[in-house]
Amino acid sequence: MGVGIEVRGLNAWYGKNQSLNSIDMTVLANHVTAVIGPSGCGKSTFIRCLNRMHETIPEARAEGSVQVGEMDVYGSGSDPVEVRRRIGMVFQKPNPFPTMSIYGNVAAGLKLNGFRNRKQMDELVERSLKLAALWEEVKDDLHKKSGASLSGGQQQRLCIARALAVEPEVLLMDEPASALDPISTSKIEELIFQLKQHYTVVIVTHNMQQAARVAEFTGFFLMGSLIEYDKTEKIFTTPADKRTEDYITGRFG
Amino acid sequence: MSDSVDPMNPTEPLRQLQKPATAIPSMAQVSRERKPAASTVLQKIRASHPRASRIPDAVFAVIILLSAISVFAIVVLVAWELIDKSRMSLHQFGTSFFYGHDWDPVAGSFGAMPFIYGTLVSSFLALLLAVPASVGVAVYITEMCPQRLRAIISFLVELLAAIPSVIYGLWGIFVLAPLLRVYVEPFLARTLGWTGFFSGPMYGLGMLAAGIILAIMVVPVIASITREVMTAVPQNQREAVLALGATRWEMIRMGVLRNARIGIVGGIILGLGRALGETMAVTMVIGNRPEVAKSLFAPGYTMASVIANEFSEATGDLYLSALVEIGLALFLVTLIVNALARLLVWSITGGTARVRA
Amino acid sequence: MPDSVSSSAPQEVSLWRRLTDQGATTFAVLAVILVLVPLLAIFVYLVIKGIGSVNLAFLTQTPKPPGEVGGGMANAIVGTGLILAIASVIGLPLGIGSGIYLAEYGRNRFGDLIRFTADVLNGVPSIVIGIAVYSLIVVRQKHFSAFSGGVALGIMMVPTIARATEEMLLMVPNVIREAAYGLGIPKWRTTLSISLRTASAGVITGCMLAFARVAGETAPLLFTAFGNQFWNLKLNQPTAALSLQVFTYAISPYDDWHKQAWAGALILIVLIVGAVAAVRITTSRGMMKGA
């Protein structure tokens, strides 16, 4: 089951440049929340702060409070490795492991976490691939085909399956369909709709129609600040802030 | 790519030259107006230009072609001389040359097995020591090193490659060998003597010393290739592993080394090629005794060393021919090994990476 | 749904994983230290053992007969210079010429063959080159010579210089060539005065590095230049070389010669590292000029 996310006073920097200014946001469990905004507004930085991926870049740091369920992500006892296991991430460009089979890709996270039981792993791999709507297409080639031999859309679903295999509570998606063709994109969007039953999903997108299609809540970012955050319907029909309105009507970005 | 100029191979310099030289901005404008591809321009010029420049062009092309062919000619000449001058020995001994144990020039018997054994053992011992060290160094520089230290450390490792073989040998005789004789070999004999690899008289000079020196010489080769193929692994692979909840080492292992492993193997094979042909340092510390012995403390002899030591004093055509045959064998083996290595490395880096010899 | 397996995912990063992570870091750091210790040791010993014997006598005198104390390596230093000069005369034109071929004319199968051949030549053990040159030149001339030594080293320079030249020329943007052709400048002139000129810093770097590499070579000189205890400035006589002299002295039984070996080695390494350092300095300065 998914959990809620509570963000308070999140600031982030790349070296000396501040890229996020005191973000406050509450993400509801088992809902899909979209993060939109023009290029460079900090939306990718924001979600990368949620699973502590932001700090893996040299000279980058983040401060503030991020509470995911009962886990205090930036707390003093918090281990980034554990944080990242519990918060899954899917990237813009599908990045399956080319040297591993489909099975190997999905099981990669399990192996890292010390899984040894073959039967349990088989079950989990099957379950993850089913959740990612990829099982039927690859079930006969699990060990034969490499992760990189699939089509773009399949690769991305493989990456989703891989992320889900370690049973995260939250799934972060950084423009997951922007590198895909329209048909694969709609498959992914369908998938996101299914996934929210089990997970909390935060999706970054530059495609406003996509946000409108899949997300119940939407946050609009501009120059590192969260300008407006509300039900998606409201953001797109009667935005409270003029800047939001300017963005969604296409005046900039 | 790399952050420092590698002293043994120029790479960095021309990065900056992506902008046209300041001397000819107007020419670039002219070119833009015309907008033809270079080949059609050439065709046009050749068609319209007075004969006068076609001859110099042709002459130049021929000179350049000759220099290129000369490279080919040199290799062919080298191979030919080796084959030609070893004919006598090849004819006399046939294949028994390579498994004969007896190297006795006085008696006229020439069995090269001790040298083959010595070459193989010293090279593999060198790899055994050098591979973990080189991969460790490469991992450190690429994934763990703080940004400001990177240039210095990689420069220092490359500097190891700049030291001439004879200086390694000098240091080996007067510094390493006594160290081995007094401290290391007794220790190894006490702890691991039962294996049979560390027994017998301890001279300091011998197979162990040769293996260690070779390892030091081969580390920069393997390390630089490993670094190159590791750097070629895209960043998103690293992120994918981290996002699953991996420690840094797990990220390196699964996201980088795993992807780069073919290239790393290529680098190791290239290191092997270097070790097989290494002459001076080995000659100076290996003891130069043509014997096959199990213990690493024992002196040995390699193919390159026997040539270095005995060639100028070889009496008789058969003796010389036998030595040339050893040279021929060395030539062929290093040829195959190097070709294999380059194949592996190019398959990862896409054919343009320089492979440092 | 997930409930049946949710408890199967371990909740914390196990001790084993933490230990292996720490262990890997420690191992990598140790590897770096282990590799740099010999480097440090070699340089330190070269200075300690060599500096005492580098004096005016060493730099200006020829060797004394074996067993006698004193004398120097003046002839070896000069000999090295002579042999390297000959090597350059052979290696530079052939190397640069091949590099030009590979970059400007050789983007085809034949060029691939030449490229491969150059790599093969690069990997041939230097002692094997020595055998070949011995057989090709020394045997025919019936004497050892600086010339044959220079040929052997020159051959070894070619692949390094060719590859460096090719790389640097490939980096010259094609618009520059096209601009020159557009003005009616013939290809030969473009290649030499424009492309090569633009790439000159890198090409010079390549040449100097090839130079530094062969300066320390001993094996190919063993039966070509052969060495000489006396002065020799004639190209067709056996000639002393620094690397050869260091080798001969190091394996000799004489203490004084051992000391001189260290001194010779120190001079050799100073020359080589000096060349490498000069290359880095001039390259970085040259970059600001050429950019």
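Letters A, B and C mark the chains as written, and numbering starts fresh at 1 in each.
The definition used in the following text is that contacts are C-beta pairs under 8 Å (C-beta built on N, C-alpha and C of every residue); 3 or more make two chains touch, one makes a residue touch a chain.
Quick caveat: nothing in here was measured; it's all calculated off a predicted structure.
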Request  = Sort the other chains by how far their Cα centres are from that of chain B and give me the top one.
outcome  = A
Inquiry  = Going by the touch criterion at the top, tell me which pair is linked by more C-beta contacts: A-C or B-C.
reply    = B-C
Task = Could you put a whole-Å number on the gap between the CA centroids of chain A and chain B?
result = 46
Task = Determine the centre-to-centre distance between chain A and chain C, using the mean Cα coordinates as centres, and give it in whole Å.
result = 52
Inquiry  = Based only on mean CA positions, could you tell me how far chain B sits from chain C in angstrom?
reply    = 13
Inquiry  = Counting only residues that touch at least two other chains, what does the list for chain C look like?
reply    = 13, 17
Inquiry  = If I count partner chains per residue in chain A, which residues reach a count of at least 2?
reply    = 81-82, 85, 112-113, 166
Set of chain B residues in contact with two or more other chains = 245, 247, 250
In the complex, chain B residues that touch chain C = 5, 7-21, 24, 27-28, 30-31, 34, 36-38, 41-42, 45, 49, 53-54, 56-57, 59-61, 63-72, 74-75, 77-78, 81-82, 84-85, 132-137, 139-141, 144, 153, 156-157, 159-160, 162-171, 173-175, 216, 219, 223, 245, 247-250, 252-253, 273, 276-280, 284, 304, 307-308, 311-312, 323-324, 327, 330-331, 334-335, 337-339, 342, 354-355, 357
Ask   = Okay, in this complex, where on chain A does chain B touch?
value = 51, 53, 56, 58, 81-86, 88-89, 91, 93, 95-99, 108-109, 112-113, 159, 162-163, 166
Query = In their shared complex, at which residues does chain A touch chain C?
reply = 1, 79, 81-82, 85, 110, 112-115, 120, 123-124, 127, 166-167, 198
Note = Residue set of chain C touching chain B in the complex reads 13, 17-18, 20-21, 23-25, 27-32, 34-36, 38-39, 41-42, 45-46, 49, 93-94, 96-98, 100-102, 104-106, 111, 113-114, 116-129, 131-132, 134-136, 155, 158-160, 162-164, 167-168, 171-184, 186-189, 191-192, 194, 198-199, 201-202, 205-206, 209, 212-213, 215-219, 222-223, 226, 243, 246-247, 250-251, 258, 261-262, 265, 268-269, 272-273, 276, 279-280, 283-284, 286-287, 290-291
Note = So, in the complex, the side of chain C touching chain A is made of residues 1-2, 5-6, 8-14, 16-17
